[in-house]
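You will see two complexes here that share chain A, one where it goes with chain B and one where it goes with chain C.
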Partner chain A sequence: MSSSQHYDVAIIGAGPAGLAAAATAAERGARVVCIDANDQPGGQFWRHRPEDTHPEDDGSLHHDWKTYLRLRAGFDAAAAVGSLCFYPGRQVWMAQREDNGFTLRTTASAQAGRAAPGPQTVRATQLVVCAGGYDRQLPVPGWDLPGVMAAGGIQAFIKANGMLPGKRFVVAGTGPFLLPVAANIAEAGGAVAAVCESADLTGWFPHLATAARVPAKALEGTEYAKSFLKHRIPYRTRTVVTEVLGSDRVQAVRTAKVDSHGRTVQGSERLIEDVDAVGFGWGFTAQMELPVALGAETRVDDDGSLVGVVDSQQHSSVPGLYLAGEVSGVGGAALAVVEGVIAGRAAAASTAAQSSAAESSAADVRLARKAGTYRAFARAMHLAHPVPAGWQDWLRPETTVCRCEEVTAGDIAAAKEHLCATDARTMKSMTRTGMGWCQGKVCGFAVSCLAGTEGASAESLRSVAKRPVSVPVTLSELLTLEDEQVLETTTDH
Partner chain B sequence: MSHKINATFNDRPLTAEDGTTVGAALMTNGVTSWRNTRKEGRPRGLFCGIGVCFDCLVDVDGEPNQRACMVRLTEGMRINGAEPDTAEEEA
Partner chain C sequence: MNPASDVLVVGAGVVGSAIAYFATLEGLSVTVLERGLPASGTSSACEGNILVSDKEPGPELELTKYSLGVWKQDLAEHADLWEFEGKGGIIVASRESSLASLNRLTAAQRSYGVDARELSTHQLRDLEPNISPGALGAAYYPEDSQVQPMLAAAQLLRMARANGARFFPNTKVAGFLNDGGKVTGVRTSAGNFAAGAVANATGTWAADLAALAGANVPVKPRRGFVMVTEPLPPMIHHKVYAAEYVDNVGSSDAGLQSSPVVEGTPAGSILIGSSRERVGFDGTVSVPALRAMAENATELFPFLNKVKILRHYHGFRPYCPDHLPVIGHDERAPGLWHASGHEGAGIGLSVGTGKLMAQALAGKEPDLSLAPFAPHRFGGFQSGSTTIQEACA
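Right after this comes the complex of A and B.
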């Protein structure tokens, strides 16, 4: 059963960027469709308990919940009058550009239980990709033990289920995002044995003036500081987890200090015992599969992530394709909202052509200024929280790098040395890194760094994001494609 | 107020609050892994928690390879996965 519907604007993702884009475009008269893999709007930042069982989320686990409620009201109002059609619980697994717009293929996120209904094919004149991102990972001995999760994954677990995935946690990696994760754990009743931040916070000093221009961020910082004091959470800077220990699940972690060059300091090791959960987060990786598949121009941002190139209207290099939120640069929810508004306005304007020029330009200037402030803050954050240069030192030959295909650091080193595999694509064909279920989403950054000679190159990261389908789909879904050629390139899964 | 949902994991009863995911239901019932890797047979459970990594794959109502972090637990659901060796030691 394949049905197709045509809209003015399609929006992929209903996180901060997607909600803002959808509500804005619908308000401006466009016929909008929004698709999100999750069962309800909110994205990663505003993930919350199921609305049917917990209709009154008080936002206590969230920042800026008021903004969410405001955006959500606009989103729901548009849906109520029929100018916005929302398909939750469905993933876009392929996007193609055609003469008069875009064709999206969707599938239910879950094939069991409450598989979400919706059209398999959606067509729209303009497309706004607000696909967000996920925690960036670095492999470390023992990171494949049950109990080790992405830091954001722990937070998502708490926000969605109101429960904890463990009792005593260590949260490690880099970036201000480790703070809300630890605070959420403590507020939900968990113990946080330590937060290990690899950076030396003096990295912020040159940027304090920039950071101070974002008042909401500063406020958030003080709230976390209070929460840390209240729950006695030890916050250790220049500290990394170099090993996770346990037989069939996490039992302990080994930490070490890193010097100002990001290299671990001999003799500084410490063991933290009685730990049953570890959360790792080294910044975020944007979900670039769909923009890359559509041919959008990309760049490597200050944090080393591959992101889409956009103009002042969030328009990509592909006509009619807009990118907002993490996919145009990892910068937090507040920036994602502003970019979503800009993209929503621009996408609606190019379909309707009825906006008043005078009103637009004043608002455009205001939005551009706001986005500029948040971007400067994001840049300061990226520079202050780099991935430590010496992270590869803590790998052992037997350390798993690609979790899906179980490729070790030793396999990768051998392929590099003997087979001249110096980018992720060659590494993939030699060692199978990135060939498994996750398609390299988890190990792509690390493999690009390990294969390359000077970190992860844009070319290598792009090859990781280049996939014929953005999520694994069934053969019967592939058969719905009329395009034979696409079929041929996707059957290796 | 949400009520309890009754399901099974490998034919044993599994109970959790309505509104939780299959992954969360397993975790709160002391099951931290439900899949073994192909090559090394290593145990796996939740990792990314948001549908990206596919580490949490499990069989739900006969549908293989469902992401436990993305599927919501429903009444009578039959979940099947690899038996964790160490779950008993936990208690």
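Right after this comes the complex of A and C.
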């Protein structure tokens, strides 16, 4: 009944991790399929303008474009000889593990520019999930005004369209990823009124030794510093945006200083006026629905994100399932590439007839050391850029927390107090948080914190990441679902 | 030892919460123990229909009518807390054979006092303009209603607490205390609790709890999937389902059964239920179940073809082999009471069950006889009080 294709290795995502995994596995003899929701490879980090209309993209908006070109060359070469099949513009909406591997159900991607053809069902013996992540958001009064975006959303907009979603920006939140966003805005001709970083960067000092072992990162840092100087971008540390103001769209933001405990300092408020766009980024949330649906063991990382547990080969707790990039721990593009290579090698090796263990061990050691260095850097970054403890103080009872279902901070507090809704799952049942279009991707972290008594519990984060349908799919697509079992219904009673 | 109470309710699903509330109204002191949070079991993995339409004449229909009265009268002033809506149900027949069974069912129900009205295809289209042109006939049940089940459970519990009930979340019952063959309390992760009576309201897990007291209560899981669509403007105005559904509800077949049950919700999304299959507590996604539900729902409402589902979920109905709930005192284990096994109707039946249990616990004659639901109908007297696990001293 089924006519789906079977591969040795399937890779979900063609960002830094997925590109590396796909090219590596194909190079090592596996029959590989790679699926990505975007129209072209690159993921979040190397998102670029449509290749058919803008073939000239020179990577000027990108960092480490050389690595991209190298990975892309390997990826394209494998595709040319038929050892790699790439389906862009398609999303995996469901993944299941069966006796002889994995079954992936795909649908044309909602975000892709054109309806992409491709198989509805893909089967593979090994699966590497490189689904990346997205900016973590925290609610703040006024964040539902038009003009407020995720920091990564601004960057994606610029990279994909070559133009700006506003004129004068404030970029706020925490972490080094705010820097490239501000730099991209300035380089594209926009004004950056301020970058508000909640952390006190002295937090970096204890970890500088580890950070210094990542030369590329340091280099990147100085590049941004140059860009900031050139464009006169004010960079304010220990500063948070406590309110976005405007009648029908963003007009201004109110900022405040935070103390060393992450609480706002009385009397430190300032108004930044004439702002028409605000980008927030509070670190990242890994895109965990597929690993969670497949039953992979998870943990809460140093940055408070739910990520998959993996061994030194990026292998998860589920046989045959590998996780690489943000889904195994948020750590930036360079780490994602190394993890992709490790996962690609391991997945290919476990499908190969004979293993080439001796030949690869030296390379394995090198890769492991590199991954270790990057991970130490990522850990230093997580510890230096915590979500400020006092963020809940910015909320007012009428502040919207779940934008899809219009649930306010007051609704949440009431359900917690009167209905014992002290985890995210129960909060969802009682208030509808996370039941709308985004299925809790935006508010999940905040709701987990607000419902819990000591921050977001692992249990809450897991329930928020549980999305058995990872992207919306039409009923007509369900009608054509293939499977190998004999179906019995009572429709003909 | 924690403070003693007249009644100890185990399980804070909709049934346990209802018992707790009505027991406080009877003047009893009540403690509720729940291993998770309120409504963390099947009461948050279901739909909230209160249906008279899918019941054949018999004790379950009696209990449904009684419970509907409790929702509508006793609890009238609280209706908004759980989004009570008397929206009415429609059963649609798309085959000659099912139309004939439907007509037989409505006639029998009418003689039992149910308001069941035959609809011509014309009248059907007036009530549900988007229904399939293939519909041959239908029946309309103005009494069918719905609630938001999680809110019903949590609010009933809140009301019980407001009346003095104590609630211990994250407290799992691991065994019973007994004295001379009588159940006198429970052992939990948070210490021992003594009580005059222990009410087992653990839903699909009732067999496990009963076994700790040596009593056989053969409640088993019957899995059901529900799909949730994107929010839409109102397209479906009643609770609409296919005549075939009524057969499935009463079926004891373990295999997958699916027939469309489609309804709009106040939030705009449409709920598409639901499959029924007995596969234990297996939570893996079933492709055949999803496809069959999609097939049946689009047959009933062709426009659904282009509608997207945002998610699906599944729950495990507390199923008894004779399709009747288990309600009342367990003579095999004196001091232990049961209120479980309501299968796919536990939301609708909860408040009636709760009120009747409270009356019986208070030593009164319940408004409706509980005899058809007696726990000892499953036999097993010999394994009663003598095997009750000894309490840890």
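We adopt the following convention: the second predicted complex is superposed on the first by the 469 of 493 C-alpha atoms of A that agree within 3 Å, B and C clash if a C-alpha of one lies under 4 Å from a C-alpha of the other, contacts with A are read in each partner's own complex, and residues count from 1 in each chain.
Heads up, the rule we're going with is that a contact is a pair of C-beta atoms (placed from the backbone, for glycine too) under 8 Å apart; a residue touches a chain by one contact, two chains touch by 3 or more.
The structure displayed is predicted, hence computed values, not measured ones.
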For this session: May I ask you to decide whether A:Pro472 touches chain B, chain C, both, or neither, giving the answer as first, second, both or neither?
Result: both
Exercise. Of the two partner chains, chain B (first) and chain C (second), which one does A:Trp437 touch, if any: first, second, both, or neither?
Worked result: both
Exercise. Should A:Gln44 be classified as contacting the first partner (chain B), the second (chain C), both, or neither?
Worked result: first
For this session: Examine A:Glu406 and indicate which partner it touches, taking first as chain B and second as chain C; both and neither are also allowed.
Result: first
Exercise. Counting only touches as set out at the top, which of chain B and chain C does A:Asn161 meet: first, second, both, neither?
Worked result: first
For this session: Using the superposition on chain A described above, determine whether A:Glu273 touches chain B (first), chain C (second), both, or neither.
Result: neither
Exercise. When the two structures are overlaid on chain A, which partner does A:Arg425 contact: first (chain B), second (chain C), both, or neither?
Worked result: second
Exercise. Which holds for A:Ala150: it touches chain B only (first), chain C only (second), both, or neither?
Worked result: first
Exercise. Thinking of the overlay built on chain A, is A:Asp311 touched by chain B (first), by chain C (second), by both, or by neither?
Worked result: neither
Exercise. Intersection of chain A residues contacting chain B with those contacting chain C?
Worked result: 405, 436-437, 472
Exercise. Across the complex, what residues on chain A touch chain C?
Worked result: 94, 96, 293, 405, 415, 418-423, 425-426, 429-430, 432, 435-437, 439, 467-469, 472-476, 478-479, 481, 483, 485, 487-491, 493
For this session: Show which residues of chain A lie in contact with chain B when the two form their complex.
Result: 37, 39, 44, 49-50, 52-54, 109-114, 134-135, 144-150, 152-154, 156-157, 160-163, 165, 247-249, 403-406, 436-438, 441-442, 472
For this session: Spell out the residues on chain C that touch chain A in their complex, using ranges where they run on.
Result: 37-40, 44, 98, 150-151, 154-155, 157-158, 167, 169, 227-231, 244, 247-248, 251, 253, 255-259, 267, 269, 272, 284-285, 287-288, 290-298, 304-313
Seminar exercise, completed: The chain B residues in contact with chain A across the complex are 2, 17-24, 27-28, 32-33, 37-40, 42-55, 57, 60-63, 66-67, 69-74, 77, 84-86
